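Reading through the structure tokens given below for one structure.
A, B, C and D are the chain letters, set down in written order, and residue numbers restart from 1 in every chain.
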Amino acid sequence: MSHNTFGHLFRVTTFGESHGVALGCVVDGCPPGLALEAEEIQAELDRRKPGQSRFTTQRREPDQVKILSGVFADDRTGGRQLTTGTPIALMIENTDQRSKDYSEIRDSYRPGHADYAYDAKYGIRDYRGGGRSSARETAARVAAGAIARKVLPGVTIRAALVQMGPHAVDRANWDWDEVGRNPFFCPDAKAAALYETYLDEIRKDGSSIGAVIEVVAEGVPVGLGAPVYGKLDADLAAAMMSINAVKGVEIGDGFASAALRGEDNADEMRASNDGRPSFLANHAGGVLGGISTGQPVVVRFAVKPTSSILTPRRTVTRDNRDVDLITKGRHDPCVGIRAVPVAEAMMACVLADHYLRHRGQVGEPVRGA
Amino acid sequence: MSHNTFGHLFRVTTFGESHGVALGCVVDGCPPGLALEAEEIQAELDRRKPGQSRFTTQRREPDQVKILSGVFADDRTGGRQLTTGTPIALMIENTDQRSKDYSEIRDSYRPGHADYAYDAKYGIRDYRGGGRSSARETAARVAAGAIARKVLPGVTIRAALVQMGPHAVDRANWDWDEVGRNPFFCPDAKAAALYETYLDEIRKDGSSIGAVIEVVAEGVPVGLGAPVYGKLDADLAAAMMSINAVKGVEIGDGFASAALRGEDNADEMRASNDGRPSFLANHAGGVLGGISTGQPVVVRFAVKPTSSILTPRRTVTRDNRDVDLITKGRHDPCVGIRAVPVAEAMMACVLADHYLRHRGQVGEPVRGA
Amino acid sequence: MSHNTFGHLFRVTTFGESHGVALGCVVDGCPPGLALEAEEIQAELDRRKPGQSRFTTQRREPDQVKILSGVFADDRTGGRQLTTGTPIALMIENTDQRSKDYSEIRDSYRPGHADYAYDAKYGIRDYRGGGRSSARETAARVAAGAIARKVLPGVTIRAALVQMGPHAVDRANWDWDEVGRNPFFCPDAKAAALYETYLDEIRKDGSSIGAVIEVVAEGVPVGLGAPVYGKLDADLAAAMMSINAVKGVEIGDGFASAALRGEDNADEMRASNDGRPSFLANHAGGVLGGISTGQPVVVRFAVKPTSSILTPRRTVTRDNRDVDLITKGRHDPCVGIRAVPVAEAMMACVLADHYLRHRGQVGEPVRGA
Amino acid sequence: MSHNTFGHLFRVTTFGESHGVALGCVVDGCPPGLALEAEEIQAELDRRKPGQSRFTTQRREPDQVKILSGVFADDRTGGRQLTTGTPIALMIENTDQRSKDYSEIRDSYRPGHADYAYDAKYGIRDYRGGGRSSARETAARVAAGAIARKVLPGVTIRAALVQMGPHAVDRANWDWDEVGRNPFFCPDAKAAALYETYLDEIRKDGSSIGAVIEVVAEGVPVGLGAPVYGKLDADLAAAMMSINAVKGVEIGDGFASAALRGEDNADEMRASNDGRPSFLANHAGGVLGGISTGQPVVVRFAVKPTSSILTPRRTVTRDNRDVDLITKGRHDPCVGIRAVPVAEAMMACVLADHYLRHRGQVGEPVRGA
């Protein structure tokens, strides 16, 4: 991961600020010949789009994606638009650049926000809507993720919100279909109902709350990951930690494994008919020694509460004066909600990259070779 | 992070298997003119060295490091050996390559270990002592970390074991000096006493146990980290997750921040005399928006229990037969203990890399420019 | 250099096809605080723009550049637009996507062109106007180069066409001002007059011709370049060779140095008042051991003749049939001409990248550190 | 290319100084399962070894290579030693570190040598034998190249010296077998005889002379290379330019193509029975649009004369005083000779890397997927 690019063979470079002209990404290294229409990318973006319920920011952006390059359709391919192996540039124009008064965050640093850090590093910052540090950048990731999914046939990637504030879901109630039915991407209908009440209170208080997201990839090929510094889990950890407001990442049993004894943590195996071991448990979360085992890859991460809140907090100004700051504006009371599709996208991008890397190092001889 | 290299400007490439001829690393991009003696690196290695108490593997390796390149001493520098800006290669020869019987792990996959994943990926694996997947590789990291520390004047990096199995330390008892006095790198003398009894039992049971390590860097310059895919915390997450047996990483409050409200999570600030904000809390763990704030950088990670245990576990052989496996040999009952100096090394390497990258992008004009 | 990105700290990723929606680039790692207006980039693009004389392609593209991100202006900076340290995305929309008949190059491979290679590699190719292999991609490089120049205060980068076909310029007539006065970027007025007649003949014949370009950077700081695989001259060689149709690159005396004896090749030095050696010659072209010496950096490269010509050539179709091909359309009779501003841009980008890398490894301590 | 590493999937990191403890390399990303013995690497090293004739340096180094990691032999593989997919570290210990008097080059800068540039960049330099800037580093490349060849079944890579000083070989006399019969790697027996006399004179004069080397790869798969900044020819240009003393690189017709007309430069094609075009010429040197065409890849590069000569040259000291310098010691009168095996190694490494990258992006689905 290097400044604004991640991945080695499937490489994604994103650009754009919250209130700039446009944001987007360049996806480099995508294999040729994959069918790709803007509508498919749009469908993923729509899941992340703000303003879909009262529980996310009321900023209204259509988030309409445009493919600028890297695809081609002609009659030989039956008019289907295919990737060509060249870089795929995607652009989302910013339309809701409300000319509001930013004087407060222009001159003061929101506690818990990147304001101070950006100013200290760069000496300048586009403060409008958080600029580059805004979660709006994640729209570009979701767009890239829609392409990454196509590189991975047979792999299913799904994410869900599994904890809001102190309230975790009941895994006995887990239903993936439920995720699409509530505004929280919550897999437990009962918990979703609770979240509705709970988050309304948080909103009324002008406060915000943290969350935990779980993302699961099924059908992942055995062998992805490159020890020891290109481990699949290390790359996943970086990918998730790079999402705005994330403060912790775990694979499989994660922090709980610290309390386990060796015999409880071992994912035992039995022989199976397909010649591969059949695992009897998945404490490892599908990754051993940094390499995928063929079991579901399971990642969880914690999102801190939005730092832009209505409760006054003590802070300082750019010119080093004490102030008390209230952040008005349209903010997500639980920014973890919209991190769910972002998590899927990051999982897809990391897996696509490792799939191509794996094929590079150990694949079958190529055509023409 | 790419296969066996990590870092961009301060780059570390490690090599070597547990029972091969030698292991080591090449440190590329180290600034010139830093005094460096093998003894200094050795001192760090000795902290990680196996066989120092009954609580770590009884393998006896002197782990003697040799500097092969990248340093130079002549009379003009008063005979002091200095780095020259060229790659510093370090080598540790393996001396205790006991010719033991590896037939069991040669043909069977230890549950919870990388055995199966390596075979599935590469079709071949040096099974002796775990080969490349052995924690022995971390000796090379510790050696690299000793150099990284020199790149960071004024930065103090310390780590400690803060939880073993279910037993966490009492933070009220925290004493950094205590870390060096017990074989667990534990900062709480009372907890250390408990760990002694507890781990003896684990050992007697032929079992193993997980742990949590915390690493803290103080005196970190403001501004390190490169959003959005070279975030300091994302790189730290990858670095820690790349350590053997690590299953979770968190920064600052980490997973606990999921349960926090915005007003509780905000690290409030007040003006200070030196012109920089003075923080009133450090929930963020010293990183906001992926950039260091000047506060202590605080990272914690969970280590799962060693998978090589004496309790028989169900598994399969390479040729897909069911077996029950007991792993004899010299294994750490709590591999988390020796992860403590490794954690410091990884923190040092990541900070050194980001320090050089930061200087590259926003530094003062260079001499000769 | 990796697929569509080059540079380490000053990184440029380009995208776009000749007849796609748009082309452009993302410039990542640019230092913050540099004044940057679209007009400045436009001025460079206008030098490369097609259709400015009868000696370049008659395709008419305004090549209007738009800055999508990475800059910010507010009243605190007196309304001046400054770089912010975040990625700068530039876009040039394609307007002249003439709906012409591409059936010939769609089905047949132009000899000497990338047509066959792309099809063989990717199995698909956007054949319209050459797609990604079109020199149109270099517009994005010129745009990036305009930004790179700002990273290098005090450095002057100029290029000129020094040979067309068999006709070299007379170095005794060299006048940098002349470069802007003729349509060939030729520094020798007499040669320029000759080129006019010569190229008219080539055009009338429906043929094309090769050229040699020289690019010179003056005021380059001492010390840029990172031996041994990040040598300044190695990176320059890759950068120039990556320009369309380039077949050879040389630094300083280049191939002529093969015929030199040691005493003739040595760039002797004398002491100077500023404490640095004064060089008495520059056979080395400003680079020794891969590191800049402070002398002018001198690079030359050869451009082959455009492969799209009106003379029929023997070739094959996609389905492996023999055909004779004539390439109609609007092509540069000497594609080397428009390579001149591209050469300057590549020189600027490579120097900017090495400047930042150098500052990273050996610079002064940064503010806040 | 980044400091001391090159390649993306087949990555080579070299280390070591001329008179340090050891030099070597780490080869990362080599596919598993390739038979590899130290003897095979040694055979390549012996071709480059100094002191084999009176025409190369009289330094006597056995250049004995040791494999430190990345290979494994057990009875299951019939005792054959195979690569395992983990990093292969190679070490060559320096044995002839003659404790001579280096005071002259310690304090004075050899004109045409990297002495001044290193001091200006790093402020310190291991001056013994040229330190890191010595061509001795290329031994590590030759070792890595021996491994790279194994990644490329069916590819033949050969190089030859085709010009010494003003004397080019006669291509009518070209005989690859002759290359191994004379101390110049010259493919023309007549020219080799001339070189013997010519170089004896140069030596007697205490002078040195430049050369041109040509390297040819046959059997290269179609499709290697990744436009537009990972072009095969761009990477080859960087690879060759990174070799000590190289000042120019060309592909196919190279600089001669500047004087060609389009119809003469076109490599015409005819249909062939194997479904692929049959080329009627190879002006392009096997690369079009940065992608291999299946024709032989042909690269030439110019090597300047050794800068260490016995003729006194004007220069300055570290403390800025004028001196006249004679460089005694054991130097190659034509450093181009020993660049021949190095050229083959670099070609092999670049092709191996692009082969793996190509397989990654467009290869067949992998086992286990």
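Simple rule for what comes next: contacts are C-beta pairs under 8 Å (C-beta built on N, C-alpha and C of every residue); 3 or more make two chains touch, one makes a residue touch a chain.
Please read all numbers here as calculations on a predicted model, not as lab measurements.
Asks: What pair in A-D, A-B or B-C shares over half of its contact pairs, by residue number, with C-D?
Replies: So the equivalent interface, with over half the same contact pairs, is A-B.
Asks: A-C versus A-B: which interface comes out with more C-beta contact pairs?
Replies: A-B
Asks: Quick check: how many Å separate the C-alpha centres of chain B and chain C?
Replies: 44
Asks: Could you tell me the distance, in whole angstrom, between the mean C-alpha positions of chain A and chain C?
Replies: 37
Asks: Suppose each chain is reduced to the average of its Cα coordinates; what separation in Å results between chain A and chain B?
Replies: 27
Asks: So which stretches of chain B touch two or more other chains?
Replies: Correct list: 2-5, 8, 14, 29, 32, 85-86, 120-123, 132, 222-223, 227, 294, 358, 362, 368.
Asks: Show me the residue ranges of chain A that touch chain C in the complex, using the header's touch definition.
Replies: Listed in rising order, the residues of chain A that touch chain C are 2-5, 11, 13-17, 20-24, 26, 28-29, 32-33, 66-70, 72, 74, 77, 82, 84-89, 91, 106, 120-126, 131-132, 368.
Asks: For a test of understanding, state which residues of chain D touch chain C in their complex under the given definition.
Replies: Per the touch definition, chain D meets chain C at residues 1-6, 8, 14, 109-114, 116-118, 120-123, 132-133, 137, 163, 165-166, 202, 205, 207-212, 222-223, 225-231, 233-242, 247-272, 275-277, 280, 283-285, 287-294, 302-309, 311, 313-316, 320-322, 336, 358, 362.
Asks: Using the touch definition from the top, list the residues of chain C that touch chain B in their complex.
Replies: 8-9, 29, 31-32, 85-86, 154, 221-223, 227, 294, 355-369
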